[in-house]
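What follows is a single structure, written as structure tokens, with notes after it.
Labels run A, B and C following the written order; every chain starts at residue 1.
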Amino acid sequence: MSFTIKTQVFEGPLDLLLSLVEKRKLFINDIALSKVADDYVEHVKQLGHFPIEDSANFILIASTLLLIKSKSLLPALTLTEDEQQGIQDLETRLKIYQRMKDMSVHVKRMYGESVIYTPTQARPATVVFSPHPSMTSASLLHAIRDIIRNLPKKEVIPKAVIRKVLNLEEVIVSLTERVTAGLRMSFREFTKAHKEEKVNVIVSFLAMLELVKQGVIQVNQEGSFGDIHMETGEVGVPRYT
Amino acid sequence: MNPITASTSVQATLSAQIEAILFWKAEPISIKKLASLCATSEEKIREAIAELKASLITNNRGITVIEANDEVTLGTATALSGLIEQLTKDELMRDLGKAGLETLSIIIYQGPITRAEVDYIRGVNSQFIIRNLLVRGLIERRENPKDQRSFLYAPTLELIAHLGITKVDEMPEYTTVRNEITNFKTATQDETGAIDKSNEAQNN
Amino acid sequence: MNPITASTSVQATLSAQIEAILFWKAEPISIKKLASLCATSEEKIREAIAELKASLITNNRGITVIEANDEVTLGTATALSGLIEQLTKDELMRDLGKAGLETLSIIIYQGPITRAEVDYIRGVNSQFIIRNLLVRGLIERRENPKDQRSFLYAPTLELIAHLGITKVDEMPEYTTVRNEITNFKTATQDETGAIDKSNEAQNN
């Protein structure tokens, strides 16, 4: 686990992801992404307080990464077309982002280095009072009203909703409770309660993987289209592999 | 400034240096001032000006050097004066459109106001629109008592009279509008300091 | 094809006309507007601009033509930027900030581009940084011919001038990078679906 990266400020989830990939000197592909999935989740946990709408972006990418990782761990896992697309998209975005990051070095170096200056003022011309017929009190009021209407407002996403959908910890807690109580249940059953959004499925999945990682539960899948069954392992005695 | 740029700028001919300065300043400059800006003698400046003048004529360029009373400036070539005169007329008649009305309304309702603030309220850069409004005598610019490097813009008396009022506060909904914009400015300024950031290249 | 001598002599006058107009206007002017002012075709204007540009370079002149988004303006030659920099009182804010640099690079290398696409590449909401760049006059927004509800963002002449280039394709690796990105995108089937998803909350 790296602690050097922790102090860095990331512009967004792709910035973080790219720095993790580059740190390991990997090319952008699914293997690289599965390798950095754990690092990414770890960093997202440490980043802590970012604006709620950004955290949604971070967590969505975390879920895609864990999907990639779980596919590499459980090759039998079948991905839906959407999920497959999501993985490909992430790769593409990251590749584009990487090229843009490279190019930003040029922009930074060149910006302000040898400026082409444009004239500081208009060529001297005699000022002739020349209002345009469109300039009336009424049209000016209309114009300023338009401006006021278009003043930027924060794009507010209701905090309560996002919290409910994307709070990892809550999903983990709920999953842990149900697993310890019921000992054996299917992943599909668990996600039934949250099926409104694909995000929920992914987050549940992510939470499950988190539990797997912590050794709280074990996963087995019967056949490639079968349900994933979870059962308690040695609860309270984490195993690290 | 890196050494490469510095050395190339030394290599640029004196007449190119003079041309760039005159072009950029857009107003008459004395020979003496040019000599000091280019760190050379007035004699050399005169030679370089003659050179520039000749080169502009030989190459049939659209601009020319105008000299009077030991001052020089650039102007458009006399052969093109008809075109430019037409352009000037068209320019004054042209409808400045939505951008013009917007900018003018901000200066009327919020003036005296800096260009940075106009930019910030509009969400786009207003440099050229403001120049246009100045040339048309619709707005005027004054010193900013709070900041020597920037100017304040306000409607001209002619504009106020043209709008059929005697003072800006007779504009419809003047107080309401002013308050609404002030609220926006104070709310966002605290949060982001965005006005400061937009201050660069403020030279108008 | 007309006799070569005849056509070059017509173009020489045209490039002088353009130079005079650009000089006098001292602000960005569209190719279309130039064509109407000079009563000729946009095609001929483009040729004449190329000629003017070449002639300014060949004759080591102090000024240059910069182009972006079908607009042109005159500026001081890059070789003289050090000299003018010493004369200007305005402190250029060179630091764009990390988000600004990132967003600007995307708009330079991939523009004209929608905000949804910028968001998609950056993985975060770019509303405020885009507004900030608009206010600073570094990018401009225009109608999106493909979608009336969204806008396209592109570098301004001001940005091109700040980078010390005369056209956006003078940026290092410009064509290579643009092609590469097109290839990345076509490699991913149906990636538009993904862009649509990030389209929500697009109101800037």
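One rule holds for everything that comes next: a contact is a pair of C-beta atoms (placed from the backbone, for glycine too) under 8 Å apart; a residue touches a chain by one contact, two chains touch by 3 or more.
Here the structure is a predicted model, which means the values were calculated and not measured.
Engineer: By CA centroid distance, what chain is farthest from subunit A?
Structural biologist: That would be chain B.
Engineer: State which chain is most central when centres are taken as means of Cα atoms.
Structural biologist: Centre-most chain by C-alpha means: C.
Engineer: Roughly how far is subunit A from subunit C, centre to centre by C-alpha average, rounded to an integer in Å?
Structural biologist: Subunit A and subunit C have C-alpha centres separated by 32 Å.
Engineer: In whole angstrom, how far does the Cα centroid of subunit B sit from the Cα centroid of subunit C?
Structural biologist: Here subunit B and subunit C have centroids separated by 21 Å.
Engineer: In angstrom, rounded to a whole number, how far apart do the mean CA points of subunit A and subunit B lie?
Structural biologist: Taking the average C-alpha coordinate of subunit A and of subunit B, the gap between them is 45 Å.
Engineer: Identify all positions of subunit C at which a residue touches two or more other chains, and write them in rising order.
Structural biologist: Correct list: 23-27, 74, 76-78, 81-82, 84-85, 88, 92, 128, 131, 158.
Engineer: Do you know which subunit A residues sit against two or more other chains?
Structural biologist: Within subunit A, residues 113-114, 117-123, 152 contact more than one other chain.
Engineer: Sort out for me which residues of subunit C touch subunit A in the complex.
Structural biologist: 23-27, 64, 66, 73-78, 81-82, 84-85, 88, 92, 94, 96, 98-99, 101-102, 104-106, 108-110, 120-125, 127-128, 131, 157-158, 160-166, 171-173, 177, 180-181, 184-185, 187-191, 193-194, 201, 203-204
Engineer: For subunit A, which residues are in contact with subunit B within the complex?
Structural biologist: 113-114, 117-125, 127-132, 134-148, 150-152
Engineer: Name, in rising order, each residue of subunit A that touches subunit C in their complex.
Structural biologist: 9, 11-15, 53-54, 57, 61, 85-86, 88-89, 91-93, 95-97, 99-101, 103-104, 106-108, 110-123, 152, 155
Engineer: For the complex, give me every residue of subunit B touching subunit C.
Structural biologist: Per the stated touch rule, the residues are 1, 5-6, 8-9, 11-13, 15-21, 23-24, 26, 37-38, 55, 59-63, 74, 76-77, 79-80, 83-84, 87, 119-120, 122-125, 127-128, 131, 149, 192, 194, 197-203.
Engineer: What residues of subunit C sit close enough to touch subunit B in their complex?
Structural biologist: My answer: residues 12-13, 15-21, 23-28, 37-38, 55, 59-63, 74, 76-85, 87-93, 128, 131-132, 134-137, 140-141, 156, 158.
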